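Every chain is named by a letter (A, B, C, D, E and F) in the order it is written, and numbering of its residues begins at 1.
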Amino acid sequence: MKLIIAYIQPEKLNAVKQELYRREIFKISVTNAMGCGQQKGYKESYRGVDIEVNLLKKVRIEIAVNDSFAEATVDAILVGAGTNTIGDGKIFILPIEECIRIRNRDTGSVAIG
Amino acid sequence: MKLIIAYIQPEKLNAVKQELYRREIFKISVTNAMGCGQQKGYKESYRGVDIEVNLLKKVRIEIAVNDSFAEATVDAILVGAGTNTIGDGKIFILPIEECIRIRNRDTGSVAIG
Amino acid sequence: MKLIIAYIQPEKLNAVKQELYRREIFKISVTNAMGCGQQKGYKESYRGVDIEVNLLKKVRIEIAVNDSFAEATVDAILVGAGTNTIGDGKIFILPIEECIRIRNRDTGSVAIG
Amino acid sequence: MKYRIFLMGLVMLLCTTGTLFADELSDAVALHQESLDMIWLLVAAALVFFMQAGFAMVEIGLTRAKNAGNIIMKNLMDFCAGSLVFWAIGWALMYGTSVKGMFGSSQFFILGADSTMFRDWMFQVVFAATAATIVSGAMAERTKFTAYLIYSVIISGLIYPISGHWIWGGGWLSTLGFHDFAGSTVVHSVGGWAALMGTLALGPRIGKYVSNGKKVASKAILGHNLPLASLGVFILWFGWYGFNAGSTLSGTDLTMANVAVTTTLGASAGAIAAMVISWIKFGKPDVSMSLNGALAGLVGITAPTAVVTPTGAIIIGLVAGLLVVFSVEFLDKTLHIDDPVGAISVHGVCGVWGTLAVGLFGATDSVRGLFYGGGIQQLSIQALGALAVCAWVVVTTGVLFFIIKKTTGLRVSAHEEMTGLDLSEHSAESYSGFQIFTNM
Amino acid sequence: MKYRIFLMGLVMLLCTTGTLFADELSDAVALHQESLDMIWLLVAAALVFFMQAGFAMVEIGLTRAKNAGNIIMKNLMDFCAGSLVFWAIGWALMYGTSVKGMFGSSQFFILGADSTMFRDWMFQVVFAATAATIVSGAMAERTKFTAYLIYSVIISGLIYPISGHWIWGGGWLSTLGFHDFAGSTVVHSVGGWAALMGTLALGPRIGKYVSNGKKVASKAILGHNLPLASLGVFILWFGWYGFNAGSTLSGTDLTMANVAVTTTLGASAGAIAAMVISWIKFGKPDVSMSLNGALAGLVGITAPTAVVTPTGAIIIGLVAGLLVVFSVEFLDKTLHIDDPVGAISVHGVCGVWGTLAVGLFGATDSVRGLFYGGGIQQLSIQALGALAVCAWVVVTTGVLFFIIKKTTGLRVSAHEEMTGLDLSEHSAESYSGFQIFTNM
Amino acid sequence: MKYRIFLMGLVMLLCTTGTLFADELSDAVALHQESLDMIWLLVAAALVFFMQAGFAMVEIGLTRAKNAGNIIMKNLMDFCAGSLVFWAIGWALMYGTSVKGMFGSSQFFILGADSTMFRDWMFQVVFAATAATIVSGAMAERTKFTAYLIYSVIISGLIYPISGHWIWGGGWLSTLGFHDFAGSTVVHSVGGWAALMGTLALGPRIGKYVSNGKKVASKAILGHNLPLASLGVFILWFGWYGFNAGSTLSGTDLTMANVAVTTTLGASAGAIAAMVISWIKFGKPDVSMSLNGALAGLVGITAPTAVVTPTGAIIIGLVAGLLVVFSVEFLDKTLHIDDPVGAISVHGVCGVWGTLAVGLFGATDSVRGLFYGGGIQQLSIQALGALAVCAWVVVTTGVLFFIIKKTTGLRVSAHEEMTGLDLSEHSAESYSGFQIFTNM
């Protein structure tokens, strides 16, 4: 099982969700995040004083999948969030050792979906 | 060492914390999250227009433990958060390679607790 | 590749960022978190009723790095966030199996930076 | 003879033009009298109306984010429904021809109203709505919206006007000499006691009282928006100048200045007392208690505002501020009555205090209190009035809440309460997009 | 003879002192008349000014957090720029010497104003700003700030004063007997129709209408702060007592009480109707619709407020509350016109309804409506007026928005819209530090 | 003889009834005069009281979320404590019998007050509280609460009343002909200079000025709630109609219309100027600067409001708007004085500007400024007054803050400051449940 973590532009969340649905991946968790990457930030100014904002608003997605679904998931994110511009984000894939569904204590592959 | 990530219903956080305390697990980190799983969401309506809310509010818990504590931790979460209903949540267990306490630069098993 | 997760005191974020920059680590993701550790919390009171606040505000940092950068990253966090006081926080290191840059679908070591 | 006639003519002319002129002038002066009353009462009514916003903001601020929309609906609707029912029957029961000093019985639908009656209705309707809206705060975060609509209509339309008739409508208490200038009893106590009965009927919010084996611990459920709560208090205080000073009911009653001063000093003293007590008791000057203290001072000074000296007002305010802290604590920690915004303490307890204070600090010829050489005469009448109104409200709202409980139901389900009334009662979110921890 | 002289002297004295005395007295009475008017109008003007805060809060509350700062700037600046342009030319076009009943032509820069004219300008400028500010809500979240400044100046300085002249400045509609007491047409319809044209010129917000193949689905874009929106509605209602009751234009016109009562009942009925309809149609009592309902009732009662009975006011309010729900739905789901705060429905549609209601429910000798035995005479004049003003505004603002679109541009870029106008137009954040989901 | 007697009788009768009648009438007219003054001043006082809410919202909005509760407490308590001390000694020092034009010395505890004195105290106490509350903004986010209580009591009770006596209490500056209609100097400059001294005594907030080796960079610390800040500005503007127009001190002084107009135009011009300058200087129209601009215009027009033309008012407002932007920048970037809300620039700098503007733009017979052919006479008196008050406040508050620093301490610890004053000073959270990044 894999944990797929992705940072994407906030406005791409809906598109990513739609791509995931198409590939029948329905489980997803989302958090608000601030990111700093190749996208350099921008300058705000407040009362005449410059603020260098280099932590940009991002959305963090976590999807746990069985190994066989990993590729489809990555693909869905790439299609949904990719715009060929700096700031599109990153995907990280981590190994999961165990997964448990709290409701019925199912474990392993059967619990993840 | 293991990183135990759990998504639970927000209102179960207190119960989970209590179960953890009972098992002498005192360290925990919590974030706000939105999740989409078997629980299908609900319909809000705003000014007469339906909104399908399929990202539900969840609480994300992270607990890093030594291997020997993993079972107790999972058990605490299962007891604290389980209600036998859809939406109860999931637990994921990931391997941790290293853990460092910032205060005194302790590492490994001794740092985690 | 490693995923370095750190929980630090909110007010130390800027210092950590500066230490990372010095070591030429520019990529970082940040989330708001609440943590419970050796720092025991404090008592608020609201309308005469005590509130035991044992979930303290923390900042959660995630940095994905190539193996060779892991040490420098940990060092930056230790220097930036360490004050020798309880509540300074923890660092966890997890293995990453794959990393993909959404923009151009680069993978692996080249994508992470 | 010529001469006589000339003289007579002169005198005549003098009389006529003088009279004519004087007639015009005295008409103008009479109109000005009416206009001064009119302007004063309408401005005051507008200020009192604005207190609805104050109540809404205080209640929103001192409760959780997940119920804010429901609170908005309650505060909006108790005024809207209340004003229609006060038009239909409330006014008639309060100010219509008295039936044995118990209730009014004419002028339903304010039929045949002239500008004077329109003016008075306008000034009174905002008071009626205030009484109803007080209840909302104590019963916040767990009451069914339909139940709320029902009982707020009955309070504005029946319960409030009848006890109001006793005191302001020429009823039996007013005959006895009971003095409640702007409504410590008429408005605030009525609201406060209804709030108490409602809270008892409802029970506490989930998670408010936790039993660890044998001891019940009281848990704090934090308000989510202190800035809005403070704005609400400032709005209420601002509106209170209309509430109290407007209660001269005349634009040429110069005691309005006296009223404004005692109102200001009473409120100030209340806030200071509450802050100091909270500082001593809890170690820190508590924000929401100090806000409550200002309101307590205002409620306390409402009855005696026109008959006390500045010094009297300050003492009344200090005691009110002190009372509110102890009362909130007592209700919460000892009686385990869960009143999220402190409405029972602020309006009920301090309403009674203000009513009694008339009998203690009254310093005018007509209303002279114990401390100003007036004996216990006035004080006993005040006590009687406070008691009578308390009994009336406790009994009627007791029955009311009992019936509602048995029919439509008074409280939402546990699940709805945990989800929040915004979602469960209105399928809305008040702070869309904001990340809010809702685990409490 | 002595005696005669004495008598004559006595009479003389009597006359002189009497006259002297009467002169002083009548001077004082005349000054009081002016003072009553002055105080009444200035207090009313201050209340109407405060409505700017109400509009700002409603608009902020019903839109997304990322545009709040931009909305603040718009609401602040339309008043500031509007007041300068209304000083320079607006007043002159509205109240200057009439050129064939079409527009005023004197008193530019209110030169030579005495205290009466200053007073009247003050009362009128706050109305002019209201008309401009209405547009802001409908065009929220996607309009260029420079474009906004341009069109709001032109509305306050040209479009509003000219149609205002027709009705309040002694122009052709007033000659015909058109009755719009406080501005359902003069202010609200003008704002509403301008809002409609603006929204059409702009197009909907990104993500508001999503096409799934052939069917276009309307998506909800939630407001981010209902407590502020509700505060705004309470402030507006509060200010409306100045707006309507102040429109007696005299401190001694006692119908102001009548006005205050019908305003209260109309607003209450509007909120109740909107709540009930939304409950029936959508299954739950909708918060923001109920708030809109109160405003709809207020807009509806604005024209007829002084000439209808309380019962009439309630019916007018109920219909307004009903209209606003159906209109919001029709515009959104059928016409796909994206009006984030419902300004077109509240001010345009209910403004017309209020104007027509004069011809239906008018119950005074001078203004008698269809239902009160007045025939269709008044109704037709009202319809004509509503139509004429609608045509005037639609054409002029149509041209205006077209020119702006072709020159400076009317709408921000898609990227700026997604980022939010706070960052893109003002490089500011309204809720710094708060975690807000901005994916919508 | 009969006849004579008859005639005499007739004349007598005429006299008597006439006089009787005239007496009644003139009594009524006299009462109306008093009532007009009373109503006007009480309504104005209520409006000025409401400015406390405005100040609180502006200060809350322009600072960080972690200090909001502390700001509430300060703004509530400076009024509450201030009103008690102004009752005890402030009024007496300001309006009591003058001791050589330096300070008043009677009427402590406003003993023996009649309705006129109650009225005047009411109107004055809200001004005193304004002066104290101004300081709060500049010293926000780092001042000890106890220290705040001490100095705000001393400002309201001692420092403000004494310089106030010089100008409004019949003291030496008023004898010289110094004109400050509604308090640019009396209220705003006093607040502004006290704020300056306080800020100097405190030092900047942690993280505000960062030294990179040799250069000190000024960092922005963002306000957390612009909607509340804007609401505060609207409330202040609304209240300012009471502040300025109420300062006619008479309900029959018809110049109040003039005042309302110049106040409106001055504020509008100020906001526009600040927006335009910020647009030019920083590339974008800055929200909080434009809000400050409106306040700057209001402060600037406060002294000259009754003696300038509309055109004069606009120029005064424009200059104030311009001054505030440059002053904020100069204080921050050059002097490194950390004033979170811009209080020193708005109230201190523009207060002086408004005071001088009287000597430049005064256009009445009694107050004629340089640009209206009045020479530099008035201007020099104005400059002298501004200087004298500045010196008085700088010295007294300098000593005051020095003593506080050495005794109770003026500033919280660095750790308390980082944690936020809500937790450290009041163990409260203002936005419980909301996720807020607090790393700044």
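Everything that follows uses one rule, which is that a contact is a pair of C-beta atoms (placed from the backbone, for glycine too) under 8 Å apart; a residue touches a chain by one contact, two chains touch by 3 or more.
Please read these numbers as outputs of a predicted model, since none were measured by experiment.
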| item | value |
| --- | --- |
| Graph separation of subunit A and subunit B (steps between touching chains) | 1 |
| Whole-Å separation of chain centres (CA-atom averages), subunit A against subunit E | 47 |
| Gap in Å, rounded to a whole number, between the CA centres of subunit F and subunit B | 53 |
| Rounded Å distance, subunit E centre to subunit F centre (Cα mean) | 31 |
| Two or more partner chains touched - positions in subunit C | 31-32, 34, 44-46, 94-95 |
| Residue numbers of subunit F (touch at least two other chains) | 7, 11, 14, 18, 22, 25, 29, 32, 36, 39, 43, 222-223, 225, 231, 282-284, 286, 288, 427-429, 434-438, 440 |
| All pairs of touching chains, each written as two labels joined by a dash | A-B, A-C, A-E, A-F, B-C, B-D, B-E, C-D, C-F, D-E, D-F, E-F |
| For the subunit C and subunit B complex, residues of the former touching the latter | 2, 5-8, 31-38, 55, 58, 60, 74, 77-78, 81-95 |
| Contact set on subunit E toward subunit A in their complex | 418, 423, 427-429, 435-439 |
| Touching residues on subunit F, where the partner in the complex is subunit E | 4, 7, 11, 14-15, 18, 22, 25-26, 29, 32-33, 36, 39-40, 43, 47, 64-65, 222-227, 230-231, 233-235, 237-238, 241-242, 245, 251-252, 254-258, 260-261, 264-265, 267-269, 271-272, 275, 282-288, 290-291, 294, 310-311, 314, 434-438, 440 |
| Complex contact set, residues of subunit E against subunit F | 3, 7, 10-11, 14, 18, 21-22, 25, 28-29, 31-32, 34-36, 38-39, 42-43, 45-46, 49-50, 52-53, 56-57, 60, 68-69, 72-73, 75-77, 79-81, 83-84, 87, 109-110, 113, 115-116, 118-119, 121-122, 125, 145, 225, 228, 231, 422, 425-435 |
| Subunit A residues within the subunit B interface of the complex | 3, 17, 26-32, 62, 64, 94-105, 111-112 |
